[in-house]
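Given below, in the form of structure tokens, are the structures.
Consider the two complexes below, in which subunit A is the common component and subunit B and subunit C are the respective partners.
Moving on to the complex of A and B:
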């Protein structure tokens, strides 16, 4: 009954099988390309063609497009309008709106920036859809990320749904004692403490228990830890990562050359 | 107060069908234990009694109240429900305020509240701990505070969800005493339990659930003797029942008293 907080969708696809670090590199490459290449149409091609194709390869196209429509498009549209209207560049005025001038240049500029944002958010969405958070964290810890950092990330994802479930039980328990949570505002305001009290006390006690439990498993030990869960890192992954890095380098050089 | 359940079905929003057609009547003053494997639907069933869950189809009536027509806060005047984990309901600075919370919500008079609280304290042996903060008490005593806070509401029906889990022998007998006192007052007690010996010693009627349906329902005697059927829901008959079977006793025995009686009679 626990709700999941991560976006991850468990499927078997070429993208799911990639090493988490490779996927992370891919995301960074996409974003840097969108911002760095001197060619005007790069972000557009990435956003409209390349990333959707990746989502199809990753077998998460349906989820990707629902998230994209709900989350990314409204934000990008807003950004596009704001930048088109308030960017004081260009001469050729397309239309007036009171004191605001919309020029061809500002439209082009805003369009590109909106596309860049789409690339950025959608690349990350794709990453989250195809990567399990704990897989990402165990891979990164193996590569030297401090365990404490990984713990904070992962436990947040786990604790929130647990607290939600706990809050639900507390509400049920107090309503069973005749606590009115449904009628007038004043009555409901008075019912805050009986609901929040057990949640806070309980969570504090849980934090302590958690700390003891993970320490019992040698959390702060300085020894190198082995992992039961092997995360594959094939030679293909390595080749892909190096080529992606090369691509980033090329786009940086091109960018400098151009300006 | 009578509980009537009529072809109850319940499906969780996740699509899990937890109750698949249950019809039951629990009469006023009955002591009922509900047993069955984890996930059999025990908690889901009793949460329908005080309206925390509403039927997907079918109906549950408490006395003359259909649970779909009354709020949980309203139904709390007829049904007390002790949750499994006391930490999910304790919030007051001291035991006394905690126990007064329920009866106050029900709007009883000051005198009546005092009387009910006093009685609850005596039954749960908390009289000398009224000033203590519930969180300074051990988990076993916190369980008693939770118990007291519900029985002080003086509801005609009381539900216990796994009252004996993690409790030592002394505390289990304390809980058994509370149930006996409630019985004397003519109240209905419904208990979910995995503790089959506790069930055999304190309850007249046993309902075994399996997979959202009633597997067995009847006198504790009849139900707890059916070893093969109970095995379907992973419930073992009480130890003495099994011992009686090994000894080839003529009758099914479920608790010490019965066991000794049968032995004494066969000696003669």
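Moving on to the complex of A and C:
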């Protein structure tokens, strides 16, 4: 069996102990603050100072920084360069290159946008590092999310790595039979079918069996299901959630008032 | 309304959705490996939309972007409304009977492409100022530098890049449905939408004719956008 796709790292920290919904609210607040507050430096402070501190509190700093360096920073840098070079705003040209002008305004604009993306992604990374997907889903189901949604999320995370492994197997198998995946455009385009076909037909064949299996376990039953695993939701969690919501409200008001 | 949405979902739909999301992502990665100039990352969404209905397709699209965003490439997250409407539109077209032969599937692909272009434009403009992290932004940037307005530049870029991708997606989805045994399709809520009228050689020639017409139509639209 393949590993389920999950970034979760099991540790005991203040952030791990928070209720999953509180953590989700925290992520949402960070993202909205980065996008809504009119002050230019908000996303920068969140990305460079606040979220790294949270990762230290959550005892996942090492994993967080690895992800940040490997995934988030390259993507953000690419976006920064694209925007800095291609945004046609601003007057004061710093340097230009053929038909492209880099101006002070476009640099500032690109810098803020890149930081916003960093905030969005790193807040989610932190959430995924400290929350187990099944914990999140059982908490949300308890609060009224239909069980079907929880099934879709959890089973996608399970199926995806299996499917990717299957795709690898099919690619290797077809290559060993002489399928051309590297030469001219037409040959590469033609090899879509021998690769996609077996993958899709194979997975669709399982659908009916799975449907019968989960139906036999009461998937569409309307009865309230009991849970073996209790997820704590302390009064601290509730206070934190309300204050975060208040913060979101403040930033929306500031945004509207400022524009 | 609620009954209509509910009619899209039976147990088979719920089982198909995760598999379709995984197909979206896995096929997207295969295409990336083949270095083709398309994405083909919504084949699963179109499959669900045709077999189960527009709302199931919309849900698959949106969730697929969310999961892609949290698991692989966070840049995919803000684009979930585009995937939502791709699924919805594919399902609607299938309900109107436009998923039964090759040339109709081509028209469906084109309509999906227009929908995707329209929905993605405000996201690209408001969130990224027109320049996103995708390769097609080079075209947008070029149009911006030649003095086009930002909306025109972004819309025309989408008009240039989307139809090829979405028509191919729809055609592959149709080929898959043709290849599935009838017994497998029968259990889905909207199986009747996918009943092929005929898939012989003549149909394929008509399809090619329709592609040429649509390309001319797109060129005409593009000229109007750029001119006006």
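What we mean here is this: the second predicted complex is superposed on the first by the 197 of 259 C-alpha atoms of A that agree within 3 Å, B and C clash if a C-alpha of one lies under 4 Å from a C-alpha of the other, contacts with A are read in each partner's own complex, and residues count from 1 in each chain.
Criterion: a residue touches a chain if its C-beta (ideal position, glycine included) is under 8 Å from a C-beta of that chain, and two chains touch if they have at least 3 such contacts.
Since we're looking at a predicted model, the values are computed, not measured.
J.: By the touch definition at the top of the document, which applies to A:181: first (subunit B), second (subunit C), both, or neither?
T.: After superposing on A, A:181 lies in contact with both subunit B and subunit C.
J.: Going by the contact rule set out at the top, does A:214 touch subunit B (first), subunit C (second), both, or neither?
T.: second
J.: Once chain A of both complexes is superposed, is A:157 in touch with subunit B (first), subunit C (second), both, or neither?
T.: Second partner only, subunit C.
J.: More residues of subunit A are touched by which partner: subunit B or subunit C?
T.: C
J.: With the two complexes superposed on chain A, say which partner A:173 touches: subunit B (first), subunit C (second), both, or neither.
T.: In the superposition, A:173 touches subunit B alone.
J.: Could you look at A:144 and tell me whether it touches subunit B, subunit C, both or neither (first, second, both, neither)?
T.: Neither: A:144 stays clear of subunit B and subunit C.
J.: Considering only the touch criterion stated at the top, classify A:232 as touching first (subunit B), second (subunit C), both, or neither.
T.: In the superposed model, A:232 contacts neither subunit B nor subunit C.
J.: Go through the superposed model and pick first if A:194 touches only subunit B, second if only subunit C, both, or neither.
T.: Only subunit B; A:194 stays clear of subunit C.
J.: Is A:202 touching anything from subunit B or subunit C once the two structures are fitted on A? First, second, both or neither.
T.: first
J.: Shared contact residues on subunit A for subunit B and subunit C?
T.: 166, 181, 193, 197, 201, 205
J.: Quick one: in the complex, what on subunit A touches subunit B?
T.: 1, 166, 169-170, 172-183, 193-194, 197-198, 201-202, 205
J.: What residues of subunit B sit close enough to touch subunit A in their complex?
T.: Subunit B residues touching subunit A: 12, 14, 47, 50, 52, 71-73, 76-77, 79-81, 83, 85, 87-92, 101-102, 105-106, 135, 149-150, 153.
J.: Give every residue of subunit C touching subunit A within the complex, in rising order.
T.: My answer: residues 9, 11-12, 14-19, 21-23, 25-27, 29-31, 33-36, 40, 43, 63, 67, 69-71, 73-75, 77, 128-133, 137, 140-142, 144-145, 172, 175-176, 179-180, 184, 187.
J.: Mind pulling up the subunit A residues that touch subunit C in the complex?
T.: It is residues 5, 71-72, 75, 78-79, 82-83, 85-89, 99-100, 109, 113, 117, 120-121, 124-125, 128, 148, 151-153, 155-160, 162-164, 166-167, 171, 181, 185, 188-189, 191-193, 195-197, 199-201, 203-208, 210-211, 214-215, 219-220 of subunit A that touch subunit C.
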